[in-house]
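Working notes for the structure below.
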Amino acid sequence: MIRILLFAQLKDQVGENKLLLDYQPLSVADLKKQMQDRYKFQTKDVMVAINEEYAADYDMIHDGDVVAMIPPVSGG
Amino acid sequence: MIRILLFAQLKDQVGENKLLLDYQPLSVADLKKQMQDRYKFQTKDVMVAINEEYAADYDMIHDGDVVAMIPPVSGG
Amino acid sequence: MFDIVTTPISIDHVMKQVMHHNAGAVVTFVGTVREMTGEKQTLYLQYEAYESMARSMLSRIGKEIREKWPDTRVAIVHRIGRLEIGDVAVAIAVSSPHRQDAYEANRYAIEHIKKLVPIWKKEHWTDGKLWVGNQTETVSFKERGGVARL
Amino acid sequence: MFDIVTTPISIDHVMKQVMHHNAGAVVTFVGTVREMTGEKQTLYLQYEAYESMARSMLSRIGKEIREKWPDTRVAIVHRIGRLEIGDVAVAIAVSSPHRQDAYEANRYAIEHIKKLVPIWKKEHWTDGKLWVGNQTETVSFKERGGVARL
């Protein structure tokens, strides 16, 4: 199982702040593509964190990971 | 009459915070030289303000002016 | 002190975290909610965060600063939830024996917060609302009928 | 607000002078009395000023800042008299819609204060006392038998 956290406009668009995905071997790039296909949002500017660490497109997601989809931040 | 104000180490050396000088036509450079000759302190790093405005060596001092001898400042 | 809070920030308290006998210089940055951005008037802001990650990112920025400027001390507090005009959203205090380090390290902190720390603000304007899109505030993700135009 | 005072400085009060609805960024510099400078231990400081000129120089620095960075507001307060370790000697607050301006203008203020404003500090060390010689604190006018060695 992979837990996917959504924030800000992504959360509003999907209508959920959390999604559960059955585990399958996939990279960050694969996940972004799946999300884009399913929920019709652009992921070009979205950063991904795996277990609270920013991850690169080629990083693999493992079973049990918490994956956050992080749209451009605007704190401060 | 010219009033001369002294601060910090200059005040300590001369033992006065104010000197009165009979008026005579003189420039800032002239005054510095007089002070140096009379009170034996170096005026190389001393800035001079006439009526609370920094003055250049060639500026003339006028009767009634308040002239401050300003050693290197160290506020902040 | 690196924290995400939902209650008003005491700037004094944040500064006190970094002041000590051998720090002659303390530079503080305070970010407040601005009313006007160009012609647009903000009514209030709603900040949300990925809290656990935001906290650990703030600590990491603090750690990086202490590595780059070894004699500094750093405290950062960011507020989330609903903020009104004039409210303090973030306070960053850096102390150092050297003022140049304090300015530079403080600047480093806010620039990195604006790029990396997972906190988002939703602006509520007189004529609508939107999630502010990126750290430079040049891109906006405008909500229209529930679907963002990107 | 540009002032020379003999009583403790309230940083909060200085910041409040510049905070307003359209200033999203407030940068504050606080200079405190440091205990150790290298190996030397300070017991306390005595600040003196050419007060009337110092006040007008602070105002002028404020005016220059508002000319260079038009949307800023500035407040500067410097304390004189006897200050103990940890006491606040100077507080400078600058607000601006733009954080870069607030940092730069604040830095401009402290650099100009340290070069131009007629305020002097006499350090009282464990092993003597001296007037600190220039703004970079690299030259000291050491008192020896009443005659400074320059």
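Order of writing sets the chain letters: A, B, C and D. Residues in each chain are counted from 1.
We adopt the following convention: a contact is a pair of C-beta atoms (placed from the backbone, for glycine too) under 8 Å apart; a residue touches a chain by one contact, two chains touch by 3 or more.
Composition by chain, UniProt nomenclature: A, B = Molybdopterin synthase sulfur carrier subunit; C, D = Molybdopterin synthase catalytic subunit.
Fair warning: this is a prediction, and the values are worked out from it, not measured in the lab.
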Q: Can you give the shortest number of steps from chain A to chain D, where adjacent chains in the path must touch?
A: 2
Q | chain A-chain B separation of Cα centroids, rounded to whole Å | A | 71
(Q) Please tell me the distance, in whole Å, between the geometric centres of chain A and chain C computed from their C-alpha atoms. (A) 24
Q) If you average the CA atoms of chain C and of chain D, how far apart do the two points sit, in angstrom? A) 26
(Q) Among all residues of chain B, which ones touch two or more of the remaining chains? (A) none
Q | Residue numbers of chain D (touch at least two other chains) | A | 31, 110
Q | Touching chain combinations (by label order) | A | A-C, B-D, C-D
Q: Mind listing the chain B positions that touch chain D in their complex?
A: 5, 7-9, 12-13, 40-42, 44-45, 49, 52, 54, 68, 70-76
**Q.** chain B-facing residues of chain D, complex
**A.** 31, 47-50, 52-54, 56, 78, 89-90, 110, 113-122, 131-135, 137, 139, 141, 143, 146-148, 150
Q) Which of the residues in chain D come into contact with chain C in the complex? A) 11-12, 15, 19-36, 85-86, 97, 99, 102-103, 106-107, 110
